[in-house]
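The block underneath contains the structure these notes are about, expressed in structure tokens.
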């Protein structure tokens, strides 16, 4: 579904290379996890996939396959990538004061409908649709009438990210440290939500610091990212090894 | 500056002109029309000349002269939160009208086609065939009203809607009774100046028990250079009447600063309601802050009657400097005052705006919702006063003043004055600041919306309480206007 | 623009002479310091209501009164002070502006702190005193700050030393025990050095409730990196006195200033609290509580100047107004362009109990940075009738119900400090007022 080929990247206008040649192929139906110490480039990778203007890709390409056609998404704007079914659950979800969550979600949802040539949903139908998704995440109904992420607790913000994922139904989702700052109950709910959204045609890339999350969202592959490079890729048992031994043994 | 050459302004052109791709001021054109201006300068002879041109009765001239004499004793106020270049009041021309206007147009057919074309281009068609349905328009071009639509329809229900000049000639008793009753000529420097030299404006009288079937509207256009615009609007709503009034304004792109010192007075009697909406888009100067209108306006309403209501809604998106405080004097028991405002400044614009709610009567209530958006290197100030007088038993006020900053070279200030002189009063004031920044834009865009959609979403969210107060078509226009102004500043 | 008020020359008896006499034996720099301050005061004059900063507080009655320099009172008894002095604390006592060795309990063995009168400090560490006194630009001082600088002859310097954590409460008492229409100029300087932590209570107490006098106080507080200071000011002057207080706080990186001002005394009270947040990661809390009765007038001005990123300031001022009293709140928040990620909150809440009381409030925000979170708010209202009724249906008399709800309204402030000793003192001083409601 997505092929990341030899990606080198730095902060736009900066000198220091953060990603130093990432290669990663993810097929439909798979769940991949990326682990790594602080500053290894995990979040940078997620932002590059979503198209954050803060980063500049100096080399490499990201090929995304949809409708039997491969596109280098680096040429696309963030909203175009989103419409193609790429979703990023932010590590730090942004507060949008005054903008009602359901208005925001409906606008986003209808953009995707428009893109797919489907009919847009009216407020009432959408309301029903969103409520069904909220049930999935055990969310309070009051949630959607509040401004996006404003005065949300850390856990609520993360749940809101997964709600958006549920509503927009992406083909490829990147979850950037969705577990950080969550207590165990919230993590269970969020993970359940994510697992329920898993489907044959979808793929997920889970970025995390802790092995804990991977007990709930079980990956097919675990990659260790250190200093801008993937140094090891194995099955889910790699996460346990890292949990136990740390990262030092992986640096040669 | 060229004459309008497009022979037929088709719909496509209008749509093209509305396209949001550019921040350019689309109303910046100039109409090359022969004008009749009086020489620059300000003295009693000039005022007599203006009065004569308008064929005014002597009481009007006397009032003007009194105002002028008072003005000469006043000093220009220096307290606002901005500086502006000195205004040479002797260098301005206080009257500029399209040639041969002395008689005034008898009907729309007699109006100079060039003028009709100008207003067409501004989106305000005046001619019988094309005029807007549901809205009666009084079109003011420089110093004079060039025409008022739908007059006959309004006459049927007894509503008087005409230019101030006509009102002075045809309804002197009403003008005499109400003009200056809310904003006396001695009120402030610019009100005194206006009272001395005002050239035209709109007059609107809603008789007892009548709800106006149409929205009434005045469109102000400054065209001539070296002049200012000093119009006066007076709205009187008799018992149990209602009217919704709209105001729009534009001016050509020019290097000089032009002064717009208007006065608007509203009087509501028992159970009457007036809703006054403004979308102000005067030319604001260029990116370096050269040129633009000085918009120094005194707007005030008096809820004279019991249970009456005055509501101001303004979207201030233009002018080099906006300096005004649409206010309400809540005199009648149970009366209500409202102020809903969005003020946007970008480039080097300055705005110092807000409201005054003066509670005098018992059980009076007021609401203030102010949204300031500052971008680029502009300054945006909310300044407001809520005053509960000792007589105002059980007065209520709710105020909310929010600011949004776009970029870090601009500033947002909030100066609310709250004076409570009656212990039965309840008032609540809230203010906050928020931002529109690259992270938010990216977040929204990563959910599939484009730049335009993202700005629109944020602006709509920030201003929704104000936009919902505007008549539908104004609201759409206002959102587009703000989006267009902000596009270059975000991201 | 401040205009001179009539009576300016009369307010302080023989002002020029008094200032000159103060400096008889003083070092040259101090003499200059005082005469510069005097010039500044004379240049500014006594502010009147035309001055924006004094719009709601008319002090013409102060300007018209003639005050003479206060005299030391040897007759003050320990008994009259017993309500205020607690042996467990470090007590620093001034009577009518004169340091009282007799009543002060400064434990010399207390490590981590040094306390000395300004007169002593000038002799022992002239350089330090000079730099502390000259920290602020003379051009920015206001009338009454200048007047204090010109007239104050003594004061206290408290230095909490590096890394010291003071368990004992430091209590500065300014006692007015006078029969004359006199003035005092209390002067306090507190420096909290790096990583130190302390609690300081400064109280202004009038023993003779019928006496008119003027207390024009100036307190400077300097917090170095990572220092923590809990500071409480209690103003319980005589009911006919005038209290003009200026507190200036200068905070460096990561320091934490946590304050509460409690106002119950004086006929006219004006408090200015100015905070400069001169570094990153600073926390500042400015809370206040005022309970005027009769025709008391209480005016609080705060000014918080955010100059660097990632700082937080919190303000909560609450007032309960009875009778024909007046309260003014004017809070200014500046967020300079560098000060991104600033969080600044300000709230002023007022309950109007009296029939003829009056409140003027003016919260101000001036913001030059975009990535900030600032809110301010003000409420003015009455006690909730439903709540009063509910209590009444539970057998509580209306009077008592009012008292209970009023207490509830300010409860969070009453227990603002973790130090029980401070809370206890606040209670002790407030209780008579609360019982009067």
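Lettered A, B and C in written order, each chain numbered from 1.
Rule of thumb we're sticking to: a contact is a pair of C-beta atoms (placed from the backbone, for glycine too) under 8 Å apart; a residue touches a chain by one contact, two chains touch by 3 or more.
Treat the numbers as computed from the prediction; the structure is a model and nothing was measured.
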Identifier of the chain whose CA centre is least distant from the whole-structure CA centre: B
Pair of chains joined by the greatest number of C-beta pairs in contact: B-C
Cα-centroid distance, chain B relative to chain C, in whole angstrom: 46
Whole-Å gap separating chain A and chain C, where each centre is the average of the chain's CA atoms: 53
Euclidean distance of C-alpha centroids - chain A vs chain B, Å: 48
Residues of chain B whose C-beta touches two or more other chains: 432, 434
Complex contacts: residues of chain B adjacent to chain A: 432, 434, 438-440, 442-450, 453, 457-458, 460-462, 464
In the complex, chain B residues that touch chain C: 403, 405-421, 423-435, 437
Interface residues, chain A side, partner chain B - complex: 50-54, 77-79, 81-83, 87-88, 90, 93-100, 103-104, 107-108, 111-112, 115, 147, 164, 168
Complex interface listing, chain C residues touching chain B: 56, 321, 337, 340, 350, 352-382
